[in-house]
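Encoded as structure tokens, the structure appears first; notes follow it.
Chain nomenclature is as follows: A, B and C, assigned in order of appearance, with residue numbering initiated at 1 for each chain independently.
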Amino acid sequence: MTESVESLVNRDYKWGFVTDIEADQIPAGLDEDVVRLISAKKGEPPFLLEWRLKAYRGWLKMTEPHWANIKYSPIDYQGMVYYAAPRTKAPLGSLDDVDPKIRETYDKLGIPLTEQKILSGVAVDAVFDSVSVGTTYRRQLGEMGIIFCSFSEAVREYPDLIQRYLGSVVPASDNFFAALNSAVFSDGSFVYVPKGVRCPMDLSTYFRINAQNTGQFERTLIVADEGSYVSYLEGCTAPKRDENQLHAAVVELVAMAGATIKYSTVQNWYAGDEDGKGGIYNFVTKRGKCAGAGAKISWTQVETGSAITWKYPSVILQGDNSIGEFYSVAVTNACQQADTGTKMIHIGRNTKSTVVSKGISAGRGQNSYRGQVKVMPRADGARNYTQCDSMLIGNRCGAHTFPYIDVQNRTAAVEHEASTSKIGEDQIFYLKQRGLNTENAISMIVNGFCKEVFRELPMEFAVEAQKLLGISLEGSVG
Amino acid sequence: MIEHYLREYEVAAADGGATAPGWFRSLQADAIELFRASGFPGPKDEEWRFTPIAPLVRATFRPAGSATPVGLTDLEPFLFGRLDWPRLVLVDGRFSPELSQLPSIAGLAIANLASVVKSGDGDLASDLAEASGRTVTPFASLNAALGMDGTVLRLASDSVMEEPVHLVHVTTPGSDGTVTHPRLLVVIGERARAQVIESYVGLGSEGCYWTNVVCDVRLSRGAWVEHTRIQRESESAYHTGVTEIRQEADSHYRSFSFAIGGAIARHDLRSRLGGSGAEALLYGLYFGRGDQLVDNHTTIFHDQPDCRSWEVYKGILTDRAHGVFNGKIIVQPIAQKTDAKQTNRALLLSDTAKIDTKPQLEIFADDVKCTHGATVGNLDPLARFYLTSRGIPDRVAGELLTYAFAAEVLNEISAEPVRTVLDRLIHGRLASDRLEAHDAR
Amino acid sequence: MAPLLEIIDLRASVGDKPILKGVDLVVNRGEVHAIMGPNGSGKSTLVQAISGHPAYTITGGSIRFDGVDIGEIPPEERAQAGIFLAFQYPVEIPGVTNAYFLRAAYNEMRKARGLEEMDPIDFIDLLEEKLKLVEWGPEIMRRAVNAGFSGGEKKRNEILQMAVLEPKLALLDETDSGLDIDALRIVAKGVNALKRPDNAYVVVTHYQRLLDHIIPDIVHVLADGQLIKTGGKELAFELEARGYEWLTGTPERV
């Protein structure tokens, strides 16, 4: 088995094509004028420009964090372009006006932007180089009072909501990359679900990086008002390029009393080639706040792409009886590195959190689980269960777990379990003896390993995730 | 406040320079440079992130001076009723020939460090040089720079010690503001079997002193060691200790680390499985009450294939006590067939006690069996109810269950007299916690 | 017609260590062969080598199945051709349900024979009948493959798989080890029910006990990598009574 790991080849990244489209791009580099320019291009109200500038000034005083278990060459923040948008942007309101080249891109990615063709029951906001190019099913959702639009549009149409919630979960000063994002974010998605409304379909954003040498800084804000429910899906791909590209997004979720937000990600940014050349640096801040009693936020992520993944979708369990969940599959093959996990901050009484993390390392991949469970003194009856399993394929990869457990309340119960296993030759032979070929055997074992996470994904996503997993591990075991 | 210790080093170097051999002085000089470069660790240092040692760092401790006279009767309560066991006693950091009992046992060479340094044991220079290079915390560097005395224990190949050797470290009343840096070196030959007990005792109940220990243990091929470490410092004292274990193939090391004293008590235990077939079993039990900070850091290096490690640490915390546990297991790429299991559990018995625990696996080999589990919580309410339903008063039930929680680890001590004494100590502690809680109500 | 299985002078080793030192064996359709022998004689190696276990290197001789030399073909293709190994230690596959696994294996067999895959609904009907054979209810299909199964359950699961996959040649590797009498009865019942004139069994066992339930036509004794004696079923009784020593000349290590 080990010998064939040496021949790590055929990692076919079929999403690696480039769309030839004219872009409105500003020169590389970052200063206050660039921040002002971005804000002006988007016609933003003064409060937002102020907010951006404050974030930018804060960012200047911060240093890039290096505590994660990842290695990469320094990022040149002045060599990067902070704004790139396809020049022929679709006028709002009509999907038919989406640039044919962009439409073609999404067709190729399997995300048709025409509502007739789209997977039934999923509304899509397509984000192309950090700019939203079209949102489907808006009218139907609007009839129920649900707002689902691009972030820029929300700034224009619903400035009060933006002002109230932007930065309320991830303050601009939160960390280096969040500060950078707050200063220069270009677009993203905004969702508001009114009181008592159950969103009838999955909402989804499909992020596509196309332009070269640009940083990608989207921002997603989801607010679920009291007693509402929304399920949100996020998918990502990028062209194959030899240089690394920074993707520093921020996602904020606010769940009011009794509301539920389910956020699922299938992350498949370009991972770089077998020798680690190129690929996306995926440095993302994702956090949700269960602001009211009985709120629930559930993160599910399948991370197969990116050269480096650095993200910790977290939940602040502020409301009593609120629930936080984190289900994760992270795959690192070739030279990929992932340092990912979650933070569950128990503040309210009887708050519960569940963490299930499955790390798969192959090739020379390094996979770290980093998690924190914090129980504050007033969180009586807080409960956490964490399960953190690693699978290693070949002996040049690594699996690491860094769970921080910090308990300040005697009535809390915190349980953490971790295990490490490998795909056994005996398992593979057993399945082969029953007629399965090696590839199917491995895919079956790996999918079994990840089952607890996959079953949290919406059906279409789960199927997609299983396929992706198969592809990203292709050639890792012979 | 590192200048204070740098000055102290200068003074000591000027004083003792005449008597200590050159190799020893140069080891000290190297160590003080390491310390000068590192300084004391701070909260930004990942290894010390949850261990606020500011009070210790702020204070300036002077070297322990002339000891208050101590007699065997003062010592007796700490000798497990076995005055016949071989023992080496350090009082306020200095060897006490009167209190020590060092019978001649075949294959065993044991003496205090200062005398070995003076007489020139052939291997000591290289053993210490190698050891001080491996120690990692700034406290260990400080120990190597300022340490005056300690123990050197060697057991020849194929020798078997029938009884444990007890290394006793006593701090006398009136030692407020002083520091000792005991240095221990234990080298066990091939297939030899040894039991070592290491005790830290404060004779005054309230002394605010500091003990800063470094202990190196080496197990040659096939050696077998049971190592019990009992930390019963005054509850106002500071205790910092590093234990470094290095194991060759097929050796078996079993450690029991017990900590009940100290205002701040930190123990770093590092075990290196450097030969295939080596096995390390690490058990720990710690108690915290009042404002005590009890910190255990363990690291197990699986450097070679086919080694096994098994670790169980348990803590019981009440009042405003703060527990810290960090357990690392590092499996190197060649260490295939590693079997490592780590468990740590903590009981929080008050509303203000807290625990930071971080079990950490770093695995670079694929054919391994590694698991770790951590639980934090209160006593099982169901078990408690079960006991009360059988007529046992609730507070007794609580005590019983707490004791049971501790006993599971305590039972791993094979020396019966030690087990009995610690058992009594735990019962006493739980009863006094209960009385205090009762009074508070 | 060529014999179902024809092994000529088979030699196999693990690393540098030779295990099989020239085995000749012919199994015809409709036959039940028992291979007995002391521990470490190479019984398990023989059946694993037939199914293509990668741990064994074939150093000489040949294995022909249905007239085709299978020495070089991968294990999954041997399985698809109709060779089934009931493992001595069935492997656990956490997270994969028995139902999913069995259907995947069944469909691989169908695909190999140019048949369409069977849909899940039809497959449930097929299973229902097979489950009866091993006296199991449908709930077993929701459990992960062998994960947390008792020793007896694992062996019953092997027989269930055999019933579903309907092999031409079934190799039972110490299927009786670790079984209580009830489980042994169920396993034997399954095997006997699946016996047909066009398939064959090779039953590897250390004890005669299993052969009370599955009556062999031919009994072989394997010792030190070679078949040293072949006889009828009465040979099994003789071995039970006298041990292996009279044949091998050395007392068996326990």
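Convention: contacts are C-beta pairs under 8 Å (C-beta built on N, C-alpha and C of every residue); 3 or more make two chains touch, one makes a residue touch a chain.
Remember, it's a predicted structure, so these values are computed and weren't measured experimentally.
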Among line, ring, star, complete and other, the chain contact graph is line
The pair out of A-C and A-B sharing more C-beta contacts is A-B
Farthest chain from chain C by C-alpha centroid distance is chain B
Cα centroid separation, chain B vs chain C, in Å, comes to 56
Here the gap between chain A and chain C, centre to centre from mean Cα coordinates and rounded to Å, is 48
Distance between the CA centroids of chain A and chain B (whole Å) is 45
Multi-chain contacts in chain B, i.e. residues touching at least two other chains, fall at none
Contacts from chain A onto chain C in the complex sit at residues 424-427, 429-438, 440, 444-445, 447-452
The residues of chain C that touch chain A in their complex are 51-55, 74-76, 78-80, 84-85, 87, 90-96, 100-101, 104-105, 108-109, 112, 144, 161, 165
Listed in rising order, the residues of chain A that touch chain B in the complex are 67, 377, 390, 392-422
Chain B residues touching chain A in their complex are 46, 50, 333, 336, 346, 348-378
